[in-house]
Amino acid sequence: MVRSKHNSVTRLKFTYKGSEFEGVLIAEDRDTYLVKLSNGYNLTIPRDSINILDRNELSGPEQSESERILSGKGKKITLIGSGGTIASRVDYSTGAVKPVDGTEFLRGNISNFEHFELELKILPPVFSEDMTALNWQTIARSVHAGLKDSEGVVVMHGTDTMAYTASALAFMFEKQSGPIILTGSQRSSDRPSSDAFLNIEGSLEFASTDLGEVCIAMHKGLSDTTINLLRGVRTRKMHSSRRDAFKSIGGPELAEYSKGGIKFKESYKERDDSNELRDKLESRVSLIYFNPILTNEDFETLAFNKRAVVLAGTGLGHVSNRFVPTIRQLSKSGIKFYMTTQCIYGSVNMNVYSTGRELISAGVIPLGNMLSEVALVKSMFVFANYDPDEVDRKMKENLRGEIMDREVPFGGETT
Amino acid sequence: MVRSKHNSVTRLKFTYKGSEFEGVLIAEDRDTYLVKLSNGYNLTIPRDSINILDRNELSGPEQSESERILSGKGKKITLIGSGGTIASRVDYSTGAVKPVDGTEFLRGNISNFEHFELELKILPPVFSEDMTALNWQTIARSVHAGLKDSEGVVVMHGTDTMAYTASALAFMFEKQSGPIILTGSQRSSDRPSSDAFLNIEGSLEFASTDLGEVCIAMHKGLSDTTINLLRGVRTRKMHSSRRDAFKSIGGPELAEYSKGGIKFKESYKERDDSNELRDKLESRVSLIYFNPILTNEDFETLAFNKRAVVLAGTGLGHVSNRFVPTIRQLSKSGIKFYMTTQCIYGSVNMNVYSTGRELISAGVIPLGNMLSEVALVKSMFVFANYDPDEVDRKMKENLRGEIMDREVPFGGETT
Amino acid sequence: MSNERKQKIGLEVHIQLQGEKLFCRCPTESSYELKEVVERSLRLSSGETGKFDQAAKYETQRSRGFIYHLHGNNCLVDVDEEPPHDVNNQALERSIALSMSLNCSIVDYATFMRKIVIDGSNTTGFQRTAIIGFGGFLETSRGKVRISTVCLEEDAARKLSDNAGAATYSLERLGIPLVEISTEPDIIDAAHAIETAEKIGKLALLPGWARKGAEAIRQDVNFSSGFGRVEIKGVQKISLIETCLDYESRRHSTLAEISSKIKSGFDPEKIHFIDVTGIFEDTKSKIILSGLRSGNKVYATVLPSMKGYLKNGNYRLGAEIADITRLYGAGGIMHSDELPGYGVEKEITPIISILKPNKNDAFAILVSGEEKIQIIAEEIRNRISRILSLDLSETRFVDDSGITHYLRPLPGRERMYPETDVATVPIGSSIIEQCKKIVPKSEDQMIADLTKAYAISKQDATSIINKGFTDSFKKLTELTGDARLSSRILNQLIPEITKKGSTPVLPGAVVEAVEMSFSIGIVSSGLERALLRHFVDGVSFADLSGMPDLQAVSHNELEKIIKDLISNENDVTMANLIPRIKARENRIFDPKDAVNIFKMLSQK
Amino acid sequence: MSNERKQKIGLEVHIQLQGEKLFCRCPTESSYELKEVVERSLRLSSGETGKFDQAAKYETQRSRGFIYHLHGNNCLVDVDEEPPHDVNNQALERSIALSMSLNCSIVDYATFMRKIVIDGSNTTGFQRTAIIGFGGFLETSRGKVRISTVCLEEDAARKLSDNAGAATYSLERLGIPLVEISTEPDIIDAAHAIETAEKIGKLALLPGWARKGAEAIRQDVNFSSGFGRVEIKGVQKISLIETCLDYESRRHSTLAEISSKIKSGFDPEKIHFIDVTGIFEDTKSKIILSGLRSGNKVYATVLPSMKGYLKNGNYRLGAEIADITRLYGAGGIMHSDELPGYGVEKEITPIISILKPNKNDAFAILVSGEEKIQIIAEEIRNRISRILSLDLSETRFVDDSGITHYLRPLPGRERMYPETDVATVPIGSSIIEQCKKIVPKSEDQMIADLTKAYAISKQDATSIINKGFTDSFKKLTELTGDARLSSRILNQLIPEITKKGSTPVLPGAVVEAVEMSFSIGIVSSGLERALLRHFVDGVSFADLSGMPDLQAVSHNELEKIIKDLISNENDVTMANLIPRIKARENRIFDPKDAVNIFKMLSQK
């Protein structure tokens, strides 16, 4: 996907290998021109092979300014664009992709456009992989403002780190007066097959329920028929490219949306009467993904000067016994260690094997079936908002559904 | 699971809270005695509450020495015990767990015991989570010796890092004259419900085929009915505790074993005429599991002084753009960066988004759908056995089935 | 019975606690909906010291597959796919409190261990159990019965069916906290056993800790008459205690008789099954024919010196043998004491000519699969030898008619070893203090307390307590200020409503209805009528509020009525006052108040 | 035709390359087994510059769901669940080589772009395509035909069915590399078009690069007679080229006639559908009845000034309208030029009284769903306006009978934009050199080469080349040393075997059989007989080796026979020598050799 903002058009007339062409210049670099010919075809031409007969700068087509608020007849929903391909659109004349500037891009593309009063807020676009705690805070404040004057909020987000952002928002909102739904697209919006529109359609429906949780809404399967509602703190991107990449880990989805409407499948927290945002986040935390090659030195570096270290251990929650003395020592110095499993599915249980018991005695605290990434984000929230003598209890406590007491061997995908 | 080697038995006669008891001392620590009463029940008693009337040291029951080789009528298979709960057995009198010392523990517990001539080799037991490259080499040499005088080898291994070991063996064996099957147990062998025996039963069957690959054989589902044969370099432990935790990622299993026999489902490499072991491994490699909180300093430390760095990036293979200058610089200094996806399922593709293209230009090499952990182990093999100008090509080349060209959206579990 | 003196009776009372399961957070209750099916097998580490438990070993020899049905209250822990979670704190505290009420010492640590059970009733192959209390006693009408231990354990799965190939279990019961209370053999007779069982059961039942339902409290009965201990499993109904003790006692004495008569002539090696399938090719026995059609064979064996003891008056050695063959899925036997019979007649002579029994020998015919006939023979030899040497110790089970059957040998101590997946729980002083607050009182104590505090009859108090209505009774009395009225509502009105109405009414609903009634002005004396109309006839409170026979006439109104009577009806006297008022007024009034008013007004 | 002069004809030839797909590693071939079904919809980013492609926009207006059937040669890429992999190198090289053989310039970079196609035939909503060569030419018997471009693109999915609700596609064809060769409109007539198409097709067919099968090579025909360009899609059979060009040419000239006659009187705004369902309540028309039962309504509209032009002799304006209504799933129309008919008779008068058509106006009846009647009316107004203003440019498709139908407007350039998921591939000198080595020769050149090298007839060479037997021919000739024999075996014997035998025989098998025959001593002159016996009669080589009429008599043996003849039969002469030998010997012998031996011996 090309992202560009230039709006003027350069028309070229040239010869190349003895043939004469006309076209529009789409891009150029040190060596080549990328030209769109008058028959629509694109050609990449070396600078030294082109013979330009005529070059003509034209100002590009006017962007029609869309209304910022479109009054449907239904509930007011705030749409927040935080970046990612979902909140962008393609200019077919050049193939360039730009952020949307109004809700008009949804008209005709989602079937429930007229059922809502939509307000669009565009934050400075950030690639999903570039999101940091600062961006989470910016989004959180924007969501907070959105909740104040609408029934629910839909955040359009890049998919790469969407689950991290969802966790961050989930912890930061102690109370929320409406649903906070994150959605994205796995097929970029510059293709007709994009999953973006059905994801937004479903998200708007979810955003108008009485849900009081931060959730992710994405495709359930490969068909454009069903959108899953997934609890943010139990969701992980499990495939790099499929549109059904987002999976609820260890339990079923909360709800499904299809043309037949919404079907809730699990109990959920209902929305609160007011909003309470605690947007402080501690950044001195780290995630150590244990592997047999990890050196003691690297382990120490990753833990050093941190307040909390989340270990993604093997199996039921183990790291090599060679790290036990280091952990014991750092633990005594005040660094907190929390154990999760790199298996992704299932819970840690550090009573079963002696290594687990050793680690507990060295100071490691098991976090049940909390996902490693969620534990990392949770530690940022807990360490910024609670006293040091409360942090362990808070980390172990189920604050937002991030820990599941029960994992059942039926219904939904369990591994 | 308690591991102990003491063989003598201490009989106690004592009073506790006014009642008189007799029993066997199972364990004692600073504060307590753990006693097995004559009715079988266990009691933990504080030292200061017990009044010992009589203490009697007896030598424990004799261990009957099992034959090391048991001659069934079938193919010769070498069983290697490398540690883990699978190759251990419980002493019901004390609950202590000890490594097996012969194949007798299988008699009556696997249905095909008489079909093979089994030889057991016990390596010094290592907890799965403590395995290092040195252990992989030890196991590899033992397997190599086993292949020389048997039809196939079954390695009993702890499950936590079994997939790492399987990958290491897969790369180290350029040629193998028979199947190399790793197996373990998710339910420890000290319980009647252990999955160990059916796993071994299936492994022996797989080890007597014409397979020329390193595979993992574990339960297919929650029932004790079917054992999966999984290609070592495409397998990951996906659940901390379920017996069907091991999953083939991105493609179906190679074969299944049930009482009906073996059913091959995919094409596989057949065994070679001879063995070729390349057991050198480079340890100056590391795995960086990208997350939004990862600092530039920690990133640099993990890469510094390494020969190869495997990045577990987000989505199609991204890390934050803030690492691009660091990667570019370290890359110029000779450190190799390889990209995999932390989604686990699916392939990286760094052409789609500008971050990916930036990372490629900074020197990062995408590894298709190779698993992060497998890429790490592969880099250890490649950097120890190939010239620097060959390493990139070898990393990208599909050596043992670790890269899949095609991922299909049907058949088997795909995410 | 002549040997009643020598009898020793002990009980193990098992009480299911309601709430969550012992080692996971699944609820103990569940709608019975099949969610998933899992197939398993269980194995023992053999090649061990060789001393592993004989009961477990016995089950291994019967090795089959197990099929488990999973329900809504099952999770990975139940199906042995996840280690146990922390122990259920509420269950632990209640088991401690129960131990305390049984005057036990409480352990300093709850140490869970694994008791190997490989009949499939536990998916793990073991049951987790811990001693919580020991060395206690229970007061009974016939003296103290000592309590040896109180254990906290997991309940087992419920068996749905048991075929030769596989046993099927439902898992919804697995893992429910079970308090096991074992007495010493201090119990005198069946009646005493029943009293003891009931007293123990009520300790958990009355405070509402026990689950509801038939299987929530089960007894195992231990019995001995000098020939070894018999453990009788699964005596769910209290009423079965007497029947099965009676049966077992008779069984022991007749076996002692048999033993004294034939012990010397018994040579176990003569029990040896011979394939006689050929003889039955055109048999008229439907039982045998159907067995042959399933691919089985017909076997026959001599039963040495047993002629006349297999089924003859009280002698029932045949049943002891059939218990074995049925356990191995081979059906019962046909033996010479009952032949000809079952359609077997013409085959008898050829069988005798093959078996060549001696004069005192009996013989038996058995239809069985070829693969298990050897092990069945071995088991019969062992068991008859033990019986005739009067070692009757074994585990039995009781059927619905109170008859006991052989189940397996007694478990030994070998089958227990530490459950290291569960951390040992220290029971410190803060837990002890917490538990002391909730120690259940005995039923007698509760009745005495209630009778005293509310001045109700012992009968009413007993009924309230046993119905679990104590809380409702207290609330009702607070509302009505009348303990007897409250007792009447709970003990008489609720059954009446339930009898007349279509659905049973719960005390909670009645308390609410009383509250509502008072709020709309219904008076105490109209209360029972109001409740009947509401619950039985479906009259709404809005309608009830308009019914005069439920409302009271106020003092002022009453005064006005009487004044009016006096002024208009000259013949009003103290004697006819009440009927006269009633003739004018449908609502309820206080007659005493009326008399006083009349007195006052007439004095003026 | 009078206006043949003005006609311009161009071709787009599409050739499927066999091997792997263009952007994934799936094979192009697959057993047709349904593996999975996926449902999709396609959308265009609207709210854009407003200039997005009209063909694409048109499809959006017909928006429906798409159902995709996945097969064994589909992967995540095909179903748009994974970005494209690297371009298939073999396909790229072959497309370059084909460009070279068409005398094209080769681009310096293969730049893939996305051509939006949202009729569902591509799961992505676009087709990936890149220009590989341009500015070339093809020599034909009637002069050079210029080649404008050679593109490498993905083939589309195959449509299985097309209902109002959803179109269903099978994906096994999607992504197969397709070389698209576009000519300039230099083609003179249908015969010339056929020659051109065949010459281009054979460039890929003869070296075995093209897939086998009916759809492996398809043509689109571009036609213009001065009223705009018509692109006729899907002319799979070469034979249809002539029929459809003929049809289209006539269509243009009659439309020109119609236009000149009624253009001035046409007011598009008069086309307006009125709901006349009420009139048809008890209609006898089965078509309309069945439409009503499906919940549709009946509409009628005036067709201004069209009376006599809808279906009258060559005039077929009705078909032009029906093409539209059918595309929207509304079935055809019934119009006044053919009414009464279709069971519609009594309804005509009421309709006329509602529509009130003018004298020259026609009218039409249509059964349609209510939701789409407006868009159908709009499309009819637009299309008829364009036709009458003689802008006939559009995309059409040809049916099996060679008749063309309206498909959609011509695509515009707007619908192409860069495919950034695929890195631009530089075509450097090493690739160019590699490709030069494999440039396919034209058929004429190949025939000339083969004729010259093997001294076989041009007819035989043509046949060998066109059957793809060149390699087998060369191998055979190496074995037999006799090119004509080899040609005879391939061109005559194989068809004969195939005709007589049950299954067709492949040249590879024949070459193997020849090798085998020689190894067991069968001589060249017996070869054809041996092959017939082997393939048709199933005679094994072991049996063949014993058949004398396939074996040769050696020189020495022949000498012995002739010596014997001479000594025993005095009347042997040169003239009767051969018959005399044959009478004695079944095996084959060389008559010349016999004559020489006889000469030599008689000279002695």
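In order of appearance the chains are A, B, C and D, and numbering begins at 1 in each one.
Just so it is clear, a residue touches a chain if its C-beta (ideal position, glycine included) is under 8 Å from a C-beta of that chain, and two chains touch if they have at least 3 such contacts.
The model shown is predicted, which means the values in this text are computed figures rather than measured ones.
Annotation of subunit A and subunit D: jointly contacted by B, touch as defined at the top.
Rounded to whole angstrom units, the spacing between the C-alpha centres of subunit B and subunit D is 55.
Distance between chain centres (mean CA atoms), subunit C to subunit D: 80 Å. Per-chain CA centroids place subunit B at a distance of 47 Å from subunit C.
Of all residues in subunit D, those that touch two or more other chains are 38, 76, 79, 81-83, 420. Touching two or more other chains at once are residues 1, 222, 240-242, 316, 346-347, 349, 352, 409 of subunit B. Taken pairwise by the contact criterion, the protein chains fit none of the simple patterns, being neither a path, a ring, a star nor fully connected.
Residues of subunit B touching subunit C in their complex: 1-2, 16-19, 26-27, 32, 34, 36-46, 49, 61, 64, 66, 89-95, 102, 104-105, 107-109, 187, 189-194, 197-198, 222-225, 240-243. Residues 1-3, 127-133, 159-161, 164, 188, 222, 237-242, 244-245, 247, 283, 285-287, 289-295, 298, 301-302, 312-322, 341, 343-349, 352-355, 373, 376, 380, 409, 413-415 of subunit A are the ones that touch subunit B when the two sit in their complex.
Partner subunit A is touched in their complex by these residues of subunit D: 38-53, 56, 60, 65, 76, 79-83, 105, 107-109, 111, 113-116, 118, 123-126, 129-131, 134-135, 149, 151, 411-418, 420, 424. Every residue of subunit A that touches subunit C in the complex is listed here, in rising order: 316, 346-347, 349, 351-352, 405-411. On the subunit D side of its complex with subunit B, the touching residues are 24-26, 35-36, 38, 70, 74-76, 79, 81-83, 85, 420-423.
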